[in-house]
Amino acid sequence: MTTVGIVGASGYAGGELLRILSLHPHVDVEVATSQGHAGENVFKVHPNLKGIADLTFSGDSPEEAATKVDILFMAVPHGTSNRQIPKLSETGVKIIDMSADFRFRNPADYPVWYGWNHTSPDILEKFVYGMPELHRNELKSCRFVAVPGCIASSAIYSLAPLAKAGLLKEVTVIDAKIGSSGSGNKHSAATHFSERYNSIRIYSPFGHRHIGEIEQELSLLAGSKITVTMSAHSVNMVRGIMTTASVFPEEMPDAAMVWKTYRAMYGNEPFVRFMMDKNGLYRYPDPKLVVGSNFVDLGFALDSHVNRIIAIGSIDNLIKGSAGNAVQSMNIMEGFDEREGLMMAPMRLV
Amino acid sequence: MTTVGIVGASGYAGGELLRILSLHPHVDVEVATSQGHAGENVFKVHPNLKGIADLTFSGDSPEEAATKVDILFMAVPHGTSNRQIPKLSETGVKIIDMSADFRFRNPADYPVWYGWNHTSPDILEKFVYGMPELHRNELKSCRFVAVPGCIASSAIYSLAPLAKAGLLKEVTVIDAKIGSSGSGNKHSAATHFSERYNSIRIYSPFGHRHIGEIEQELSLLAGSKITVTMSAHSVNMVRGIMTTASVFPEEMPDAAMVWKTYRAMYGNEPFVRFMMDKNGLYRYPDPKLVVGSNFVDLGFALDSHVNRIIAIGSIDNLIKGSAGNAVQSMNIMEGFDEREGLMMAPMRLV
Amino acid sequence: MTTVGIVGASGYAGGELLRILSLHPHVDVEVATSQGHAGENVFKVHPNLKGIADLTFSGDSPEEAATKVDILFMAVPHGTSNRQIPKLSETGVKIIDMSADFRFRNPADYPVWYGWNHTSPDILEKFVYGMPELHRNELKSCRFVAVPGCIASSAIYSLAPLAKAGLLKEVTVIDAKIGSSGSGNKHSAATHFSERYNSIRIYSPFGHRHIGEIEQELSLLAGSKITVTMSAHSVNMVRGIMTTASVFPEEMPDAAMVWKTYRAMYGNEPFVRFMMDKNGLYRYPDPKLVVGSNFVDLGFALDSHVNRIIAIGSIDNLIKGSAGNAVQSMNIMEGFDEREGLMMAPMRLV
Amino acid sequence: MTTVGIVGASGYAGGELLRILSLHPHVDVEVATSQGHAGENVFKVHPNLKGIADLTFSGDSPEEAATKVDILFMAVPHGTSNRQIPKLSETGVKIIDMSADFRFRNPADYPVWYGWNHTSPDILEKFVYGMPELHRNELKSCRFVAVPGCIASSAIYSLAPLAKAGLLKEVTVIDAKIGSSGSGNKHSAATHFSERYNSIRIYSPFGHRHIGEIEQELSLLAGSKITVTMSAHSVNMVRGIMTTASVFPEEMPDAAMVWKTYRAMYGNEPFVRFMMDKNGLYRYPDPKLVVGSNFVDLGFALDSHVNRIIAIGSIDNLIKGSAGNAVQSMNIMEGFDEREGLMMAPMRLV
């Protein structure tokens, strides 16, 4: 059994890791830290996990936790990993970081998108961007993983084949819709149920920090600098992301060609599904169909009125957009079947 | 008192007209027709209107209804008005048509966007597009009104000042989100609660019929042909529309200049609100803040990463997007205070 | 014009009073106090009221506010009115108190249900319980009104005719379901959207404080001590209350007799509706049909399996359960048409 | 591997069986019948199951399906099993029936609760009521299982210990709240999203058919005739049931005694959780905490105002209230670990 620890296990990402890893057949969760809840049963904070994750939060420091496990999942706020990981990286523990602190290849992206300078650029280059479908080979032999951002994941999955095919020439415009769990467990006036219910809040009309990741990964695939922009809306649901991206190619491809690029990239992927149908209720990806699972659903449409490709993606922000890709990356690192612990069927009727 | 009739009063648009007109101080609702519910109390179909609209559906034909009233509201499906209105237009009754059948100025737009040829182009030119803020003077002296489409309304309101200022040079990309009431009262597998709840359905990734109206009105304002595209999503709520439009100007204006264009167009409008705040929960328009009212809320943001103006609009699709603009147009035609019957305060906490 | 003030206008009850009173034809809102938001525009806190209630929060003390108006609405937390009203009651201002502090006739009920002793029992007896349908005559000549509790209102309306008819012999069991707005605007972990959405929370399985009011009013009508119990659940919506009460009579009445008792009590009431139908979607009261209005919808069913009468009531907790009854009481006190400012048609499609 | 078939696999219960059984390690789903969808891929009807249940609906008759498998799950409408099972019962196949047709021990209950006479009372007595916690020993050696009703399950689980302890003396009053999936996949005006959203519909104020099952099971445990009544409400969610039952004992027990009865019955059960906490968000069962899992959460409270025990239960209606108990019963019949295929952790944030 591989032993794992979760630093910051009382948050939503931490809880989702606990939910998945507790039932993983090759993993023992040895330690789940929470400074605020040390000594409490996990189910006091994650009551759904009663009978699933019957352990107690530890007050261990990240260093202490690192000594007890093979792999440490860091589920701490952005900016915290950056301070904690340099020391941890010398201990021999493998690290899977859920935060944004090690996602960029280029240190210069940190001041642009996060407003601070990265203090450990040497460690940065040891991290692999934990998107198995794009970085599987690097994951096989790495020790450090930076798990992609949730909205970034949906956008990158849907645009990657088009980027690789050289179709992203003009600015790509992404419209993102995300459920409330994306902003974590901290309550505020903005998350008060009476204010948030039935609301559509454009919380980031421009300048969303995930744009940096999206441009990084698409540019890698395209072999040239790709520019995207995005408007992000929080909508009336808890889980799920949908991205609708408008791509303006120099020349419109036909549907068969677009299909081919998607199949070439994802045809054998266990967690990528093509969701397109000529009729029926579900003609395109819809978060309702993926929530509760590690699937990413993809689809596209071609708009001849203005020569636009619409690339659509849906994921569960806490699974394929976070804990699921973390565990899938771990499975690859550890040589497990990639699907272990992740074959959760979407519930749909919820 | 002005006497009015509603043809097709059992649908959602008809019900909303009944809800508003029953409390209008200068109007008597003389007749509300429904072929399927003739003889039934209105509250059997619209149970919320018990104690508000205590009348009985009539089986009158549109012609019969026309003889009893000063103004006839046509709340019938698209394609039906086109057949019924030519005869009605000769009877002297004023007509306010809720359908799409008389919205286009150019008959050639019908085959493009609706797939059929308009059979009464001579009547078409007598209709005024019922958007008071853009066509007030024409409404004052007209006899026939074509009420704008719901999504089109939100998009046009938010883009009109920019079009007039000459800022729409490239293709404008609109992302629309709409509640379930926009698709009417006909149940189907697609509207079954268990399937529709928590869903985001991109029902029209491209080719939405309202694009035609949007291009018509914006081109009129710009004085040149404007091209827009749109992806429309039905989201997890019943009422409300939000449009997020991406405008790519030749040269980025500054915020003060954009403000000025909005104020110049809407500064004195009773039902247009600017919803922008540097902080707080509600920094931009949100359907939650307009639902239940005739307000349209507008806001914008400037994205220097790609030289993009984001124009945001929110309305209640059944009020400012349908029955509200119908009644406001009527108020103008009849010389009433424009606000009569329409001063409904948004509930927000719903 | 009657001049009014609202003390504590930044809360949800205060906001709802502003929403209604701003459009009331015989009322001027002179002052709206908020200690936390003094000097801010009302729309900063209640953004839906932009264009409706264009005034500024004042930092006036209740005493200062009282000098400026004919009627003072006290929308302050339970326990606060009790301290503020004794002084105010000597100033000549009329007072409509939204809190629980003056609802009980018997001071001894305060320690039982609220855990504190009432310090002004002499003033207590000058207050009328602001339920127009039960206390209209007292309201006509009173100066002080205690607005009923929201869940209490739904339960009392549905049970009052049965109590008066002597049918409440055994313990009456009430099951209450209420939306999130009933607990106010203060955010907490419990009201965090991600935790509250899709939840059914039995926040008060027994001992709810409104039981005291319900027993008081039903006992008055029955002429003997009535005992009720209640379990209260917060459900997945923002506005609305539904109460389902099980009454166990000594002898089962027939439906005609029950109808008669309801009609005798409410037959001429402008805001009481009977919602019962043998078929259709809406065979019984449903909050969806009253939300946004001052209506209370009532219905009943007879269960011969165990000789039980089911009495069902639905209201909008912020209107008929709070601000609506406050304004209706004011209308009676001031000799206005009782319906003024309150003829808001329920939206249903929301 | 045990081979299984599902008759009626296109409905919601059938889809949930497919979702669970497709991932069950000891089961092969050989056949999934649907008369309306024969020849179609399962994912055309259950799009969430793409990548999970990649099979095709068969048009097999129940008899044909029976020849191909060890166990046949009958997921057909009430009244259909009754006609189909007599013949099937002679073929040697084991049968797990999801309908109500074989739940009653006493044939005389059918005309009372379902309005028809049972035509195969001899087969009736061979069926075991598929509630593992109450009938485990019978399940071990049976061939035929009748899976309990969904609301009945929640009520029985929460009341069984009290019934066994002799505390149900007076009529027990149950208030039930259930999500939309409980009424299946057939769309109607009543299930139209715009009508159903934000609604609380008391669809069965009395006379609910599950009362028969509840009385049967509780009477068995009590050793005497138990009488219950129930009001059932459909609420604004898709999955989940909550029952709040009011028990009136002759003499009030103390909390320690009640705890003891619950622990004695369920202390070792893998899928029963006690959800009671003195503080925190989740002091009692809440469907939000069980949805997506096979857990039933139980809690209670003691109301000294009227000597009432409040017994609270929550389940996922499609899992512990249907497909989950079916699979758990199968596990017992087949000698598998009872938890196989059923260790799904609740998602909570959904």
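To keep things simple, chains are lettered A, B, C and D as they appear, and every chain counts its residues starting from 1.
Here, a contact is a pair of C-beta atoms (placed from the backbone, for glycine too) under 8 Å apart; a residue touches a chain by one contact, two chains touch by 3 or more.
Note that the coordinates shown come from a computational prediction; the quantities given were computed from them, not determined experimentally.
*Asks:* What's the farthest chain from chain B if centres are computed as the mean of the Cα atoms?
*Replies:* D
*Asks:* Higher C-beta contact count, C-D or B-C?
*Replies:* Looking at C-D and B-C side by side, C-D shows more C-beta contacts.
*Asks:* Counting in whole Å, what is the centre-to-centre distance of chain C and chain D, each centre being its mean C-alpha position?
*Replies:* The separation of the two C-alpha centroids amounts to 39 Å.
*Asks:* Cα centroid separation between chain A and chain C, in whole Å?
*Replies:* Taking the mean C-alpha position of each chain, the two centres sit 46 Å apart.
*Asks:* Distance-wise, how many Å sit between the C-alpha centres of chain B and chain C, to the nearest whole number?
*Replies:* So the centroids are 36 Å from each other.
*Asks:* Show the residues in chain C shared as contacts by 2 or more other chains, in ascending order.
*Replies:* Within chain C, residues 12, 181, 189, 194, 198, 237-238, 281, 288, 291, 349-350 contact more than one other chain.
*Asks:* Spell out the part of chain D that touches chain B in their complex, as residue ranges.
*Replies:* 12, 180-181, 185, 187-189, 191-198, 237-238, 350
*Asks:* Sort out for me which residues of chain B touch chain C in the complex.
*Replies:* 12, 15-16, 19-20, 22-23, 44, 46-53, 181, 238-239, 270-271, 273, 275, 277, 280-282, 288-293, 295, 318, 343-350
*Asks:* For the complex, which residues does chain C have touching chain D?
*Replies:* Chain C residues touching chain D: 171, 173, 175, 177, 189-190, 194-195, 198-202, 205-207, 211, 227, 229, 231, 233, 235-237, 240, 242, 244, 246, 248, 281, 284-288, 291, 301-303, 305-306, 308, 310, 312, 314, 349-350.
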